[in-house]
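After this come two complexes, each holding chain A, first together with chain B and then together with chain C.
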Partner chain A sequence: MNRAAMQKTNLRHQSDKPLLQIADLGVSFPGVGEVVRDLGLALYPGEAFGIVGESGSGKSMLARAVMQLLPKPGKITSGRILFKGTDLANLKPGDMRRVRGSGIGMVFQEPMTSLNPSMTIGAQITEGLRTQGECSRQALAPRIHAMLERVRIADPEGCLKKYPHEFSGGMRQRILLASVLLMQPDLLIADEPTTALDAVIQKEVLEIMSEVTRDLGVALMLISHDLGAVGAYTERLMVMRKGELVEEGATSDILLRPQHPYTVALIEALPSREKSWRRDIPAASGPLVEVENLRVVFERKSFLPWAKPTCTEALKGVSLTVGRSETVAVVGESGSGKTTLGRAILRLIDHVEGDIRVAGEDVYALSAERLLALRRQMQIVFQDPYSSLDPRRRIGEIVSEGLRHVPDVTRAEYRDRARQALAEVDLSAEYLGRFPHQLSGGQRQRVCIARALIMKPKLIVADEPVSALDITVQAKILELMKRLQVDHGFAYLFISHDLGVVEQIADRVIVMQAGRIVEHGARDMIFDQPRHPYTRLLLKAVPDLHRSADASYRIGTRAYSQPTAAPDGMVFDWAEDGNDSGGAGGAARLIEVADGHFVSCRPGLAAS
Partner chain B sequence: MSQTTIRLSHFSPGPILVGSVLLLALIGLVWTPFDPNALDFAHRYAPPSLQSLFGTDHLGRDLFSRILIGASVSIAVSGVAVCCALAAGTVLGAVAGFYMGWLDRGLMLLMDAILAMPGILLALGIMAVTGPSVAGMIGAMAITFTPTVFRVVRSAVLSLREKEFIEASRALGNRNGFTILYHVVPNCVAPLTVLSTALFGSAVLTESALSFLGLGVPPEIPTWGAMLSDGRNIFAQAPWAVIFPGLAISYLLLGVNLFGDSLRDWLDPRAAE
Partner chain C sequence: MTYAVKRIFMAGPTLLVVAIIVFTLMRLIPGDPAQLLVGDLDDAGAIERVRREMGLDRPLPVQFGIWLSNILQGDFGRSAHSGEEILPTLLYRFAITAKFTGIALLLASLISVPIGVVAAWRAKTSFDYAARLTAIILVSMPTFWVGLILILVFGIQAHLLPVVGYVSLSDDLYKGLLYMIMPVTALVVGELASIIRMSRSSALEVLQLEYVAHARAKGLSERRVLLRHVLPNALAPTLTLIGITLGNSLGGAAVTETVFSIPGLGRYLVDAIYARDYQVVQACLLFVSFIFITVNLLVDLCYPLLDPRVKL
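Coming up: the complex of A and B.
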């Protein structure tokens, strides 16, 4: 399972000839400059090699240079790319086509767009094989079958007749992997293959990828921004920054004894509980947010007026409280309803059932005027800093926009207030006149925070505020959010799928699955003694990075030895074998198993 | 090298072309070499010469003077019609796309009904009711163009409304009307500038077709479209009677299209600097 652990020393490296050897590689774009500079690496047959870097590090351009698939104005300016002894940079297009697929295969990041939606899976898989000259369907069928089974597609025969939209992201990525490996390449390049996927699926895909390439003896070049993922599945590792090689070596060495300051910074930027902030939460004067039995149903009207609308139940009776100055994290995979929960609290969703009270006032029963007053107290920071700022407005206008609804603020004060808000998020006043596209992702997220901050809110709903950011930027934004909370004393409802971040920032954690809460409690309770099997599954899926006493780092996976035990007379309403009873038809309820630690169960059949 | 290409692409002859046409139209309003409607049977079918720059037509009227006069009419009629269509289509399209639901379905039905009829036929029907007049023609053209604008704006808004900055605007407490005007409409500018220049082109041609049918501008006012259709009958004797109005229309349309592209770049904060 863990390749790094399985092959501690790679003595064969000295004897073998490298499969892929890159020397002095330079890639440049006219007008932009060099995106890869003097890069060299050697990859040996059957090896798993990781490339880690933040956005703009040139890691994807390196992969594309190897495949000769550089986007248009980009050019290889220097160096050699030797694959099995031939220089790919000087190959004729026709010869290069033969290397692609059968020599080097590639798995892309976005499973939603890397399969053609108008072709069946079968047609797409055979398409690649045909170019290799294998034409008879009969001869191909058993090979395709075997490969699909290898990547754990349950029904290979049926899969071939289906279209991509019928599969989930993880399944598509596995299908893509199968179709690439069927070409029997010697090297598989996987460029951020699991970035778009949930943690549990990510682990599954990476494990399958790692296992199958090892079994088939295919070398793997795994490119990712996620040090944890790369570290767990590769033997050797290379860290890149701004197109240059920073550090290269055995994965375990780099993680245990990072030499370069940048590698150290990268590892230290990973969120961990040791960096969490302790602060005094004022004595409870009643909770700030109370949500009781919240249900949200999305209706999709049919094209035919008489047909029944299709209903999706996004939230199935959720209850929670958020105290003043408290950080409550909501964790769950995509589709768990966590985003809907945040939006419902802000009344950004029109129809809900149940009660939501913020500062004692029922959010959904307020008059327009009172709602406006309440809106000032609760603000939201979105996930995607690229779509959450109006591209046609200047930063000053964006930040001060909310002031229109604050009485006693004259237009003349807008600029001053905007400047103050920007100063709080460490942006200087010169940003007031800029447009969002002139800012980096981290700076944009700071602007989003300033836009919320200028309203002097009591609650900030942060919907995945750092998941679109690079790891070092993420660490800085988390630091900023922490400082602002200490200064202003507002509460966070922090929605995230990233358990590492949650472990660092949360006071309390709520775990959601399929529209309901499966477990909630204090942060340490949830992370140290998770009771619900779903929580355990989530926790096991993320690599756990810790700093040891001697300033080295250790990546491991969490293991829970004791089987989970449901409280007396109850059984869990969810099991890992896929037997999801989805809240057991409303019979499930939250049982307190320890002080403030609740787990969702339903009455057990055996006990009754 | 790349810097020069960027700088060159910033330069556009569009504004110069459009500006020169506007200047000629203004001159035409106050001065023309000859009376554009004066008949001079001694100089029928006169080819272009120094005295009569673009020649004369079958009634001996000076084509250059007529083109000067016609410029203001053609530009004004097409411009006003396109602006009306832009205003109506943008408002309706933004509202339909933003609110969706029954309002959207109702407006879509209406716009599809208008689109289903050929533009000229629809204009004919409207003019049959209102009687031939310049105002009626402008109104008819505006109605024919509105569905196109509506559909473009609506589809742009449908994708815009899912953007998080629209939700952020709601979270700040802004009313929907403010959100539409402040955030939604400005972000539709790019497709609209391109579309409006294309519409302007077809407006010039529609105007000529309607005038040809005797429904638009009265025959004593020369418009470029009307001159083009008049000249068609005498093409064998005086090809210049077709060539010069045609060139004038092409010149204007080329200018307007280039102007639209540079307007779009100029209005886009991302393209600046």
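Coming up: the complex of A and C.
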């Protein structure tokens, strides 16, 4: 990694005085207890320091304690936070204000709420700088301009006059970064700065952040649940769990030779191809799902009855098949249409063009009665386990509800069937009488799976089923989904933006972009020999952590030395710089480049 | 089509529907206006003549059409009782009501929005509890009751303020203000509670957002965080409430006006109802609805000033 060279300078730390030194820090919430316990760390000028932990590890509270921005009624109960020799834990609010911004800058997680929607970008940037005493617009303008260019904002002048909602999430995070760095802090705390962003954007933001902080000599404290991201951009690393320090050391040491069992568990939980399951897929009687040339257009009606509605084409002619007992993963960034595809197959969307056949029946031509019968065979598991369960009903009712439409099941059997279904997802019968809010995220997702399972489905559409979960929980759910498929032989249509998860579970992979399929093929084919430039871009954006033969771990990113070549006489319909070469103007179509491996291309100029 | 044009366009049909409802309601009331006008003379000929004069013998849709087209030309008809033109009286009465309710709501907003925001900022402290308790007490006191108590204490027992009546501000500024104190106080008390609660809850929501934490992390003073980051964003929902309250009180301060004998719009309407003055009731109802719709329209049009995400 680019930071690897910097590790040599680690030696320097012995002589340097730490910039931030935390000792015996305790943070607690009345009624909740200690969220940070006896924590100590030292951060040196100019270094990049990572803090990794799952939810509830206290990593965010640690950062907020440093800034004295703990949410009420949280309090620092013990310890010292020495920043350049001053103890921040006991600083008066007025003095703390001088440290915030000028001494320590902070970047927050949610790009959608981290900028004030009612103020222009320019006003928000300058109000911070004004607290430093610099007031004249003329003096500030060139500095602001230069910094915005540094974080690669294309039109810095125009940007200042705009409001936050006019920018995408990635751009907002870059603007936020610029506004914080403009105040010339010695330390930048970034609390999950890219968690809400797509992988490609995430990589871009992290790279800019890493590059600019290094150039300006600003120390970086990068907080994340994502081992890969933290590993790639930091020199030293600390692992936290339940408010306590688990392991600390050079990033490479921790990732390659973890000492603490929890760190090992965290790394082992990362999805990888080695953990995928091989099983025999019966080569039986035709595909389970056939989708042909599916088009979905969302219309937003104008309020004038005669005016044309605004149309958004969510799916632009998608064709695919899912075999019985097969796991097909649909990968794409937000807005690629992958969720729409899953819902269209279940007929959860009303107006579509094209054919969808499940078990040989045209989903959109069925009578209401037949549709109900078919729907029992197709179940869905949603992304957010918090909003997909009715909070007023008990788990037993939630799981068995679908049975109402199954003939020949008496009410007396509901409880037994629900118990069986829960047992299959490793939840004991005592959960039947509980309410969703009494369960953890992982347990709720198990309930969602049980709810699908009780219908004995042939197809389960899983829409980002593990992306809201912590990494160790995610690993367990994936393991469970694998076992259930082996036991029951249903097919998964697995929708995800996470290539790591997809690499572990998929038999075949479909890569989607802007409402169409750009590449699809067997899992190994897509991950080892991606042909389409968009697929390569996605793959390059995710850090790739693998276990080597000697039980150590290897972190890297995929790099492609050769530019990808389109099949003879064709050009790709997408290029990384955003320019579609257009080819000879022919429509894009999927070309088979190897056995079962298709890539979307247009006819090239030479062919015409 | 922009949001503003859309909202303005939609106001038209809404008013039409209101006009139809008002007209229909008036025709559903038992009793014959012509009979009322003629009085107790049991003279079938006279009644018939009045009916023809008033157009009551025509089919209802035609009556409605005539009424509507007259109103569109600014002719609200004449009072069946006094015979004077309705519109000038209506506007005069409305000006009085608008003065009282406008001042009251302005005061109520200026007092309660800061209280609400500070209560949210100092959530779960004694200030917050005190503000919430006050709000609960205020909301449980009906306006007319507050008015009567005020009259009893300050007017009858302490002799500090004139008890009832109305003096125009342009006639005598000092006396006019003196007469306004009690009715305005009664109105303010009625409006404080809901605005405090609304601004507190929306400020509480905004305070948890990351841009507030970001503003603090920039080293801004708490004052600036509250004024520039919390207040403008918490104001949008409160503004809607203020708009609805204004619309309501412009047309419906009848109780307060009755208690204090203020010749406002509400009193005009109530008196007309007692007098079975159909023309006036009809005109008043339509006018009140018009004011209500217009105020809400204006509030909606003000939204983009507070939230640039709303496009006009």
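Here is the rule we go by: the second predicted complex is superposed on the first by the 589 of 608 C-alpha atoms of A that agree within 3 Å, B and C clash if a C-alpha of one lies under 4 Å from a C-alpha of the other, contacts with A are read in each partner's own complex, and residues count from 1 in each chain.
We take it that a contact is a pair of C-beta atoms (placed from the backbone, for glycine too) under 8 Å apart; a residue touches a chain by one contact, two chains touch by 3 or more.
As the structure is a prediction and not an experimental result, all values here were calculated from the model.
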May I ask you to decide whether A:K308 touches chain B, chain C, both, or neither, giving the answer as first, second, both or neither? neither
Contact-wise, after the overlay, does A:M455 reach chain B, chain C, both or neither (first, second, both, neither)? first
For A:E401, decide between first (touching chain B), second (touching chain C), both and neither. first
Going by the contact rule set out at the top, does A:R300 touch chain B (first), chain C (second), both, or neither? neither
Quick check for you: in the superposed arrangement, does A:R411 touch first (chain B), second (chain C), both or neither? neither
Per-residue contact with chain A, leading partner among chain C and chain B: C
Looking at A:D390, would you say it contacts chain B, chain C, both, or neither? Reply first, second, both or neither. first
With both complexes superposed on chain A, which partner does A:L372 reach: first (chain B), second (chain C), both or neither? first
Kindly list the residues of chain A that each of chain B and chain C touches, one partner per complex. none
Going by the contact rule set out above, which residues of chain C touch chain A in the complex? 1, 6, 9-10, 123-124, 208-211, 213-222, 224, 228-229, 232-233, 306-309
So in the complex, the part of chain B that touches chain A is made up of which residues? 1-3, 6, 163-165, 167-174, 183, 186-187, 189, 269-270
Touching residues on chain A, where the partner in the complex is chain B: 30-31, 343, 346, 348, 371-372, 375-376, 379-380, 382-384, 387-393, 401-402, 404-405, 435, 437, 448, 451, 455
Across the complex, what residues on chain A touch chain C? 64, 67, 69, 71-73, 93, 97-102, 104-106, 108-110, 113-119, 127-128, 131-132, 163, 165, 176, 179-180, 183, 302-304, 307
